[in-house]
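Given below, in the form of structure tokens, are the structures.
Next come two complexes built around subunit A: one with subunit B, the other with subunit C.
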Partner chain A sequence: MINNKIHEPLFHLTKRTTGGSKRAWALRAIAFAVSVLVCGIVTIIIVAVNNEQLSQAGRYFEEYSFEQYFLDFGEGVFGSPRTIWNLFQETAILLIIALAVTPCFKMKFWNIGGEGQVLMGGLGAAIVIRFMMGKGYSDGLIIFLSLLLAIGLGVAWAVVPALFKAKWNTNETLLTLMMNYIAVCLVSFFVAKNPTAGSNTIFFDKGGTIPPIGPQEFVGKEFVLFIIAAAVITTIMAIYLKYSKHGYEVAVVGESPNTAKYVGINTKAVIIRTLVLCGVLCGITGFLLVSAKDFSLREDTVGGRGFTGVLISWLGQFNPIFMVVTSFLVVFIQRGSAKVATYQAFGTSYPSVMAGIFFFFIIAVEFFVNYKFVFREDIQAKIDAFNEKVKLTLSKNKKVEEAPPVVHIQAGEEQKEEPAQDVVEEPASVEESVKEEK
Partner chain B sequence: MKKKVIAIVLAIALVAALCVGFAACNKKANNNSGNDELVIPSDFKIGLITLHDESSTYDKNFIDAMRAVQQELGLSNRQVLIESGVPEGNECYQKACELAEAGCKVIIADSFGHEQYMIRAAKQYPNVQFCHATGTKAHTENLNNYANAFATIYEGRYLAGVAAGLKLQAMGKTNAPKVGYIGAFTYAEVMSGYSSFFLGVRSIVPSATMVVTFTGSWYDLNAEYDAANHLIVDEHCDLISQHADSLGAPNACEEHNVPNVSYNGSTVANCPRTFIVSSRIDWAPYYKYVITQVVKGQAVAKDWNGTLQNGGVKLTALGSVAPAANTQETLDSVKAQLEAGTLKVFDTSKFTVNGQNLTTYLADVDDAGDFVHETEAISNGYFHESELRSAPYFDVEIDGITLLDRNYGED
Partner chain C sequence: MLVTLLSRAIRIAAAFLYGSTGETIIEKSGHLNLGIPGIMCFGAVGGCIGADMAQKGGAGAFGIIVATIFFAMLFAGAMGLLYGFFTISLRCNQNVTGLTITTFGAGVLGFWRKNLLNIVVSDEGTITFKAASDFIKAPMFGAVGDDWFSKIFLSHGTLVYLAIIIAIVVAIVLKKTRTGLSLNAIGENPAAADAAGIKVIKYKYISCVLGAAIAGIGGAFCLLDLQSGSTEYPIEAIGWLAVALVIFSLWRPGIGILGSFVFGLLYVMPNYINGIGTEYKKILEIIPYAVTALVLIVISFFNKRETQPPTALGVPYFREDR
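Here is the complex of A and B:
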């Protein structure tokens, strides 16, 4: 059976064509659990190294346990009603930005300018508040006008690359990326022209911003607006992408521009229309950041969420409901880690490092979701024999009445009830899968 | 499939449990008894909010002092919560509230722009003591649980200026040497700082002049580096000092081999050739004071000043190469005079404005946001800096100092 003359590699990879989404989600859940665990291990190591230095310097230090790590982590996420509200508000912000860029990506329009588009929205709101607050205008009017200008500037920043793409087929990735920096510079200029004593921030504390919603005792009064906005936008976006004619056109333009042309879709109009929608959502986010959350504007008001939103959109496979989960998990890691950093005085970079570990695992697991290992026959035989042994021992020890189905060690193999036959069948199935791949 | 998942989850749980077990075994008992008179309850917590993390010398100074106090009073890491990288915005209010809800009895913020958010949080949590370093509003806000703190750092700056003057003397630059200074913003805290530094230099080299440039930011490595280069190359300054938080200026000085007087901490590790001395505020005495008052249930002073006497104002150890030979002795004697009160930094006979000695000056002590200078600050022949409130209000432009540019950071 084993051909010694032809060298066959130990294993090779084939694209997975079978295997349900259940398996995929289980793998992703495991990846998430592992990422949290690795974060914990890395943290423990960092503390141990720190402690080594502290003890050499004769300074006070404390051992850090896994138990305490998870307690601190949990406190950062669910410590008090305020932290929980904060958690959901942060999730909502990320989610709206991810939703805003999603139709662009579905259309294969690589808009990585979410950061700048949101920031311009914030700038629009800030301009109106700055020049109207404290001058006798009603808050309602200022809020309305600041929302309008926020949407206007957000749309402007999104539609310029769209026009260039539609008219001259320019590279939208470069253009949207570069426009982020222009937005940062414009905000920097605006703040420098209107600074508040001794800091690079412009504050809005004289009215013109959205007041807390609900009674004084309600902890969520400052957070709930973003959450409501996210819920509404998620619902609308899910329906828009899945059931509307527009959503269908976006998908067709993304999948096959020629098909789009053939069925008479005006590709240019779809691009511009979709980017306007993106700009509107980014503008609203910027407006809410300035007027309902920070009550101030500075260069890093958006704080990189525009880029994280792109990742979330991708990881959520452009599905608004999946994106709710991914954005929650990202914020979960960031906020939990931030609390760990508080107790350990790790500084500001630590939560980003932890988020990086999380992204690493979550992205890496997609490999196992999409590919499977096919082992060389002899290796496969050994694995099967091992499985058989495990199965026997398990059934002996546990005295299970029904023999459980054998679980293969290698990632990605479907369940096989009769391993003895696999050895014979395997070559055929390998060839098949190779053909399928081609 | 299901089995596989369960197996993996179980394996992970097992590893985790083992790690927990090992870590628990390693746990060290720490019975630092600390201060004998003061018994701090085990549920006492103190929170610190800083603008950046330890990469900024300014914030590092606050964090290091907190760690020192923690060690001295025997507080555990559970009792000391340090929130770094909190911007001067609503996030500060949120963080302060989170700290209060986490059980902190004292919450301290370190950046000027944090003040209004700390006041908001103080109003919401009347049973928690809120303290704000460098702030100006406690004496007018009149909340029972909100206090400001600063230090008579102008005395430290003056001493650093004396060290700089001695260096100029040792370099043979006694004929109108030019000192360069990099400030963050053109406002009282910085102006008081460079003026006192300059007066210190002049007490040794009376013909010295100074040029000042502003970066418009508390922490901007590149801008501070460029500003120092500009002062050295284009303005031909003989010595540089700065009031901004990055290593930009000290690094530029090291490259050009121009002596540097630092702030907030020693830069001798990065700049061994050029570092002379650094004045700094030591916040540890303030932390200890606040903790003591709160634990005893006594009121915290609305304005607290760190001084040379109470250890709030310090000079770092002198550099190894750059300082002049007799520096330490001179500093000791000047320091003794300042402590005894026989020497006043802002003695009105020692400086002039437009060629005249000042006899009266209205300072903006009540910071109502109106920028109205309402309080007489000169009497008995000197400017009463940091006496009417802790944060500096000396914003007089005195003769001998040229501002190359201005960055008011104000409306």
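Here is the complex of A and C:
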């Protein structure tokens, strides 16, 4: 029986140890579907409210239906071959950034400076292109050097917080955040110092940048490089994290710093090494953004992708293969919403709102994947069942135990012999078995 | 010119101060809320809606200011509650939730502004809350004198002084009262605080909501006072600087008052320096961030207990994990 004086909460939570990945993936799929649906409902409501006000003002308005919403959404994602290639390119960019920060997170090094590291990579590429173009250097050399400087600056931006974290345990979350803004300021300085056509963007001519890959009529020629790069980096990162000694060390440092210390892993070296790797990948991304996608540099060349990469990495559970899926879904939502926004004149912020709704759902579902509720009634039922069982066993035992005294008092010699016989039999049987063994 | 510079710096400082006071309360409970920029955006939306409603309802200056504050706190507090629900009850990662809220909040502010433009016909091609803003910007102490003292210190709207009052009150509560000490204990070691009978979950929720609500007033202040009711410019950068200011002020709202003034000065100074090109002004914009990074490094270098972040900052607390 429960002691009534102890307050038992209505429910408590326990970590799910069973249930398997099938249930988890089903839950995540449901969350994704629901988030898309909620995005649609929110949009329909907004349009309806707008229309209400417009009709009161006597102005023109158009009805918007659910089907139309999904048609527009689908057009944004799969509208034309070019749209689809674009979708894959964006997925690839986000994926590389997410892959870059993943080893850091596995190590519980909260690097939210992907934004700044990628931007510095872009700045590195831009500096080389700006100062070497049109001065008689070969295109190959310019591309090579811009990649090199991009990686160099990316690594510099990643390794500074790592050094301070390793040496003095400086809070890396806040330091990387600050360095993002320093990177933005440096880029806007560089752009302001070298203006092209009075805008706050530097544009580059073809030549020092990467030419399209493949024949003229191939639709994906501008995009395919990103997809190849992402595929290669994903494969390498998956192997690196799962099968290499480095990957194992990263996991140990993240799971338990003390274990790492006792087995003789040099934690400081691991932190610095991992952040150098992160910087290299971010630098490559910055280089690709500047010299293979935008052919320009602005303050918001990265455009929040560094932060989105953090979310993708976490939602993909730091698993490179899962991250392919999550980054695709994020781009799916962004692209689809962007098209809806174009048709409804919602502006450029609308996709961020929808992406926010999507993230909220996907984050929240992890709770239901990892934990389960145990309700008071369930506990009571379990306790009752247990008590029942105990009673049953006790009563059985009682019959056996209480038999002899009962016999003593009530019955005669006959019944008393039975237990006695049992006792005698046992040693006999033991003796027999011993004999048999011999 | 020095007078205008100082006056302008104090005004901008108030925006930083709201954000950093709110974030300090949240961080003291062991939650690193990177959603402050998004929460300030929400506060801005709420503040504008409130001010607009009050003004159209024929309220006076006092009514408009109260409505602005109330709606800013309501909207931002709702986001704080969402953040709290995700990180405290659903046990999600704090950084991930915070970044999502920032994405979402900035998106909502931008979308709200664009959508208003779709409905309301505006001659200037932009929506402003100028009429309401005039009430909020009006000097609190009536007409401003011509001397430097009243120009610097007495020429501001009510919300500037409110920011300082809130910061002082929060500083006293955190330092001197039982509630503040309990909150400190939760940030340092939630398990020990729980064992001592402090209601950890309740404290965490209250500090998440209250901190967000205070930061939200800052967002409303940005739009209605600093930008004179214009919805043109994003306010995220101010939000991130507010997060930086928490570190700069070593988790003390009292120091935050001075720190916010320093940040405000650094923020507006490039506009008041003549004789250099715009590109070098961009370099000067680095200073607040660089100084904050430096402070962060220096405090970790000295490693004194009093200047450290709350020990359990960013570490989730679940009673069942014990």
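One rule holds for everything that comes next: the second predicted complex is superposed on the first by the 361 of 438 C-alpha atoms of A that agree within 3 Å, B and C clash if a C-alpha of one lies under 4 Å from a C-alpha of the other, contacts with A are read in each partner's own complex, and residues count from 1 in each chain.
To be clear about the criterion, contacts are C-beta pairs under 8 Å (C-beta built on N, C-alpha and C of every residue); 3 or more make two chains touch, one makes a residue touch a chain.
Just so it is clear, the structure is predicted and the values come from calculations on it, not from any experiment.
Asks: Per the contact definition in the header, classify A:21: touching subunit B only (first), subunit C only (second), both, or neither.
Replies: neither
Asks: After lining up the shared chain so the two structures overlap, which partner does A:80 touch, if you call subunit B first and subunit C second: first, second, both or neither?
Replies: So A:80 only meets subunit B here.
Asks: Of the two partner chains, subunit B (first) and subunit C (second), which one does A:310 touch, if any: first, second, both, or neither?
Replies: second
Asks: One more residue to check, A:192. First (subunit B), second (subunit C), both or neither?
Replies: both
Asks: Name the contact category of A:46: first (subunit B only), second (subunit C only), both, or neither.
Replies: second
Asks: Based on the superposed arrangement, let me know which partner A:64 touches: subunit B (first), subunit C (second), both, or neither?
Replies: First partner only, subunit B.
Asks: First (subunit B), second (subunit C), both or neither: which does A:296 touch?
Replies: First partner only.
Asks: Which of the two partners, first being subunit B and second being subunit C, lies in contact with A:345: first, second, both, or neither?
Replies: It touches subunit B and subunit C both.
Asks: Taking the superposition as given, does A:203 touch the first partner, subunit B, the second, subunit C, both, or neither?
Replies: A:203: touches subunit B, not subunit C.
Asks: Between subunit B and subunit C, which residues of subunit A are contacted by each of them?
Replies: 59, 192, 345, 347-349.
Asks: Which residues of subunit C touch subunit A in the complex?
Replies: Counting only subunit C, the residues touching subunit A are 32, 34, 82, 86, 90-93, 95-97, 99-111, 113-115, 118-119, 121, 237, 240, 243-244, 247, 277-280, 282-283, 285-286, 289-290, 292-293, 296-297, 300-301, 303, 309, 313-314, 318, 320.
Asks: Show me the residue ranges of subunit B that touch subunit A in the complex, using the header's touch definition.
Replies: Listed in rising order, the residues of subunit B that touch subunit A are 1, 3-5, 7-9, 12, 15-16, 19-20, 23-24, 26-28, 30, 32, 52-55, 63, 67, 70-71, 76-78, 81-85, 87-91, 94, 97-98, 101-102, 111-113, 116, 184-185, 187, 189, 216-218, 409-411.
Asks: Where on subunit A does subunit B make contact in their complex?
Replies: 22-23, 26, 30, 33-34, 37, 40-41, 44, 59-60, 62-67, 75, 79-80, 82-83, 86, 192, 194-201, 203, 205, 293-296, 298, 300, 341-345, 347-349, 404-405, 407, 415
Asks: In the complex of these two chains, what residues of subunit A are touching subunit C?
Replies: Per the stated touch rule, the residues are 12-15, 46, 50, 53-54, 57, 59, 110, 112, 164, 168-171, 173-175, 177-179, 181-182, 185-186, 188-189, 192-193, 304, 307-308, 310-311, 314-315, 345-357, 359-360, 363-364, 366-367, 370-371.
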